[in-house]
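Read from first to last, the chains carry the letters A, B, C and D; within each, the first residue is number 1.
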């Protein structure tokens, strides 16, 4: 499971905004490693630099001439279809009122239909990114002000989007009406910034002010003055739908999203699992699948009274490793990332805490490693329920057929991955772990098939999007 | 003086079109070294690869997945304002009927006004290239067929353009109504190709069939069948206006443009100069400024009876050399490219044949080198008249202030560059050297300020183009 | 503190030895990130590929023509003086009996004197690496067999070395007489391998057989037959001197060195510290400085009954980050690697477990971060005693002046780093944590100035080594 | 046929010597394109930077920290066996008196035997370059001064060498006793320089002072004072043996070697050929195979009265072009470099002037191109006699079997290459073209098998050199 992006925006006349955006993206790197880009503006014109790979690779040799006092950055995780130079965000265009740039985290589910309509009217598209449609809708809008044109465009969108727009003079931060994906506001000396996660603020020396509200549009055109807040969306739903998976897996431990500390939520997930599995198996030690399973394993240990130990060592240097095809059979590929610590594992009955089972293949390899290192028993406990349906809100699980839980029962999965027991947290248990969020304000669609905005139906009707064919 | 591009297109189901386009561009490299790009199509979809630098650099490691049976390529010379990744041609977009790509050689003089109008109607531009407007006009056109939409777009353009369009299924080659820039058609086994110069055909094994006619649109959608020819332009001018500077400097010696062999024209230019300067000075030997001045020097030698020798050696490895700023004063930068052959030059009275004097700085450095190597006298003879005005047809001389002939008399220039005598060919002499072209069919605007289509006035009225500000 | 290398050797006619050496080095990457190199041999000749940077960077595009059935690899941590292409190991030379290659982990303390003597006799050196002297001594030796020549050379060395030599036909693995640095033997299907740490064996599918003994020379020239073991050293000391810092910091958690599991030693270090500091302060939670402090923090938590939590999040993507000089003041550089988890830290009295305090600057920055995130109290506990002297055995702490403990008392350090309390483990406590090693067999010279082989005096007499001046 | 190197040295405290060496190498690029390297010294220590590819590629991004007031540079043409990083010159080592670097142009024919002897005495070699033996011999020499040690080493060498040595403080330029390869001395403001060809001096602003004499050693350790000249060689042969092929093909037109202007020699070669072939065929026009054949073609034209024209256009952008294997058959590979100018060639009887026929394959392809472009007749005239034997003096023609003239008669070759007539210059004619050199002072061994120093026998006895096996 992969989330598709991280965004960062800054307005600050007192600092080198490109450098700060670099740091902002650097701390959001876990949200996307495929490409990175930064756009800056100085009130008159825009400059941009983009490239494939990690932030460090793209900007490691400097920022060229990225000057200005406002900036926009983006990191992308991309599936194969989007893997082209033209699709690297931020997107930047020239419209009737100057330069315009956009960085988006999410998925616009009616992008195919909107694109089709626009093309029929003579509009040319330059990328296969779904959010290019937002720029075209803004340009086409007949509303008098820029903010009204943006609202006009957003009203036509279905799906999840936390996006930041930039003109030559201002930043506009927007969240969809359900608040699927996170976006928050920070204050720093001399300016403001927005980011997908609050961990960015720590690195650039900003303080988390608050989350952008679902349906809100925040206009930042001044380093000191409070940003102007408007609701772009007139018809708001009864509940929010914050992605629960941000707490389970996607976000960084040190972030706070919609008032919920991520680390605390994860410890709670572990505690809750310990409660729910009490008496179901006997074990000697709790270990985690690093890094996302670790806080939950600590919570499980606290609740169960079992010791928490590092049963798996993570290789810190893993990247795209070079493997000759003929050698693949001999090597358990998981070993490149994780290696059992024999003295912890040998002869022990283990509780292994992981965040999710999507396809099951990694779990199977992992358990094989642990048993190969002498583990007596492996009791898998999972901090999320079985993934039974697609996500249409920015996480790349569109291909339902690859989800093991759509075709196997829990017992079958347990057998297939080679575990002695397998337990998932309950849906309610998972929701309750996020103590700062009202349970009904969480989106759990991939676990319970309840799509808050009916995007499953929209996506089904949408003409097959060009960018998925590509 | 720099020409701005070379284009190459091919339709051939029997060969690897990317490889052939690579060769085509390779032989057009002299027309642009800033960037290179290739688009291919296989009847269903398009693929492209583009980059900065020489063809060899961009494609030296292969063509990735550039499959198909038709292809389009472009090499660009670019001024600073266009030096961005987004501006590398061929431009490629997604419109209502699929993929569309364009490669253009020339300058569209009302692009700024057209762009402005389109933006007012909600159209977004993605580059600062003037020819992007062509794609937008095609997409906006309400005409029923693709060919009619293209014609509809072209009718709105002012300026010089030799362009090739590609859809998923066919190539369309077009020349403006005056035929400013060259474009010719070749036939090879299994297919057809079009190119800025016929020297490309030699390398790919094609035969020159004919030049595309001014105002013509050629549709190639079959490897065997003769391409369909239409006149997109209904109101044709009385005369053509083929750029005379292609014969003087731009094109390669081994090309034939609008039925005139380039090498023959250059030899004639030299002969004519010898006739025109007879008795004006006494000299021992004729040398040239390589490479473009060499055939003319040979012609001058033949006519005058003086021996032709290589008085200047050209360094074959010159590229973007690394020079530390502090060292610049000590080094005559021309020496990196050209070095006098002392035994030819020393104690001799030289005729030095060059193609043009634009700013005068290079001539001055060159003469300094020759005198430093012991030349007794330097008699400069120039195979074109003084450049007194801008070119609006694809050659980068928009800044009239840099042209030495707009502010100095011939005698002043002679003194400034340090020559003993200076002689330019006459306008009529230059025209007559192109024996295969009717004199009135040549554009000599930069020499005589007669702009065939009034582009000087269009350009003056055009809102300052974005891409020149950039 | 940085260790200087990792080595890996393999003899196996059944596999692609370059690929396996790549994996071996990949799992030793934590021992050196400056450069990487692989040499292979096929019984007749050698091939090598080396470069600066991570294993992944150097070999990420493949192994070129690194064929053979035996191979040698090396990863290097290097101080500035050694940072040249010529110094990348394995070193490879041509001597009277063919090709010879060497990869070494350690420091040869009389290398300067030996080099000086050899140069006086007309020997040329090609690198500034201390172990080049080993190759020259082998080549100069008049002994009849290769093994005797190697022994002859080794007998002249003072210092720490775990080295692997390779000829066209065989591998020779050697450890100095004290066994300062680790080196172990593994068996795999079809062959043998040697490595600095046993974690390499897990990745290549080998089983740890045993450690190479101090003073032993192991000759591997057959994939099946047991390697021939000889003692190259006739005069063995009474005790070994295994570097205790391998257990504290250098080695990977999942390695076993000289029969001691590293993870177990670290947990013990934490337990011991908890015992030694009992009653000295009151705390709410135990956190670690990842990654090396984590097992010890777990041990501390178990022993003290306090909960272990992740108070610091490590950025997984840290490398050589690009920071503009002017921005440095504003940024706490430790934040690029570590960020406090506010919900763990805020309002809490923390036990922070770290492995060592060398210069004190990092600890100071870290404590500032934690207090900035709201920590009430910070109680630093260190799993090694104060570092009071240089290491002459392969760890880069030659500059005694930089060691904070040589000039400040414990209380002064506590104040300087901003901690509320500071406690180091006792020397005896540290030794006892390595339950599988006799305490007298551990080298603790940097903690107690007792240099087992008198290398402090040798190093003092040695003419200033060229490679440290460089 | 390829020459193997160019060398450049400079001593000048007033300039950035790395930059000047860069320019020096840049103007010697025609002598070697495989690798480039620069070493600088500042009186105390040396620094170097080397790499594969053109000078521009290796140094295009700057000189890092190449400071100093003396420097040494080298460009290499290399056969496959030498194509390794370790073999890039200048070679640099650490010997008993500091740093030592060497750059050599030539071939040491007893290097294998010397290397073998040294290895038997315990000497290690680090490269497979023949001239490494020179460094080892200097280091081993027991003579009291550095100059005497160099002389001691040189006395043991057989073969051709023009080499420059550099210590931390001085440059030493040396030429073998026959003066096979060129090396000359230049004076510039503030310092001295040495170079393989005088064309380097023009670029760096130096004046050619004189050639280094055969058997001479020139010591440069001062920017102003005249370099000290000694004869390192006590037993001088009666005649010199300057490589005649430098004049025919290798050197640049604008160089003067051993008092002979290269361009003048080439014009003379053409004139002489015209005399020798008078009446043998009837032709309309003289063309050349650019670039080396051009001055000779001009000479031929002058003497014969036929017009000289450019019948072949050279593509200025040729490098290592990317060609897909499957496309090779369709493409005449010579076309990538040379294309016929149809209007010159068509229907004409051509004299084609080329410098040599080595294997005959290129001539065959060329003539095919010319006939394909309509040439009526092709009369090949060659400015050197048939190549019938190996060169042991620095030109890469060791494989006698590839020389077409060792197995075919002139008539057979004429037929094989498809020419109408084929004529070589006579041996005497060639020698006489070099009017400034006594005929007996020219080495013509590859044309007449007369090896001045018996190197053919030395090479036969020499143990197969490692570097040719490699």
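Throughout what follows, contacts are C-beta pairs under 8 Å (C-beta built on N, C-alpha and C of every residue); 3 or more make two chains touch, one makes a residue touch a chain.
Quantities reported herein were computed from a predicted structural model and do not represent experimental measurements.
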{"item": "Fewest hops from chain A to chain D - one hop per pair of touching chains", "value": "2"}
{"item": "Most distant chain from chain A by Cα centroid", "value": "D"}
{"item": "Rounded Å distance, chain C centre to chain D centre (Cα mean)", "value": "49"}
{"item": "Chain centre separation in whole Å, for chain C relative to chain B (CA means)", "value": "62"}
{"item": "Averaged-CA centre spacing for the pair chain D and chain B, given as whole angstrom", "value": "37"}
{"item": "Contacting chain pairs - touch in the sense defined above", "value": "A-B, A-C, B-D, C-D"}
{"item": "Of chain A, residues touching chain C in the complex", "value": "15-16, 19, 22-23, 26-27, 29-30, 33, 54-56, 59-62, 199, 202-203, 205, 252-254, 256, 261, 263-264, 267, 291, 294-295, 298, 302, 307-310, 313, 315-317, 319-324, 326-327, 330-331, 335-336, 339-344"}
{"item": "Interfacial residue positions of chain C with respect to chain D in the complex", "value": "45, 85-86, 92-96, 100, 119-120, 122-126, 128, 135-136, 139-141, 466, 470"}
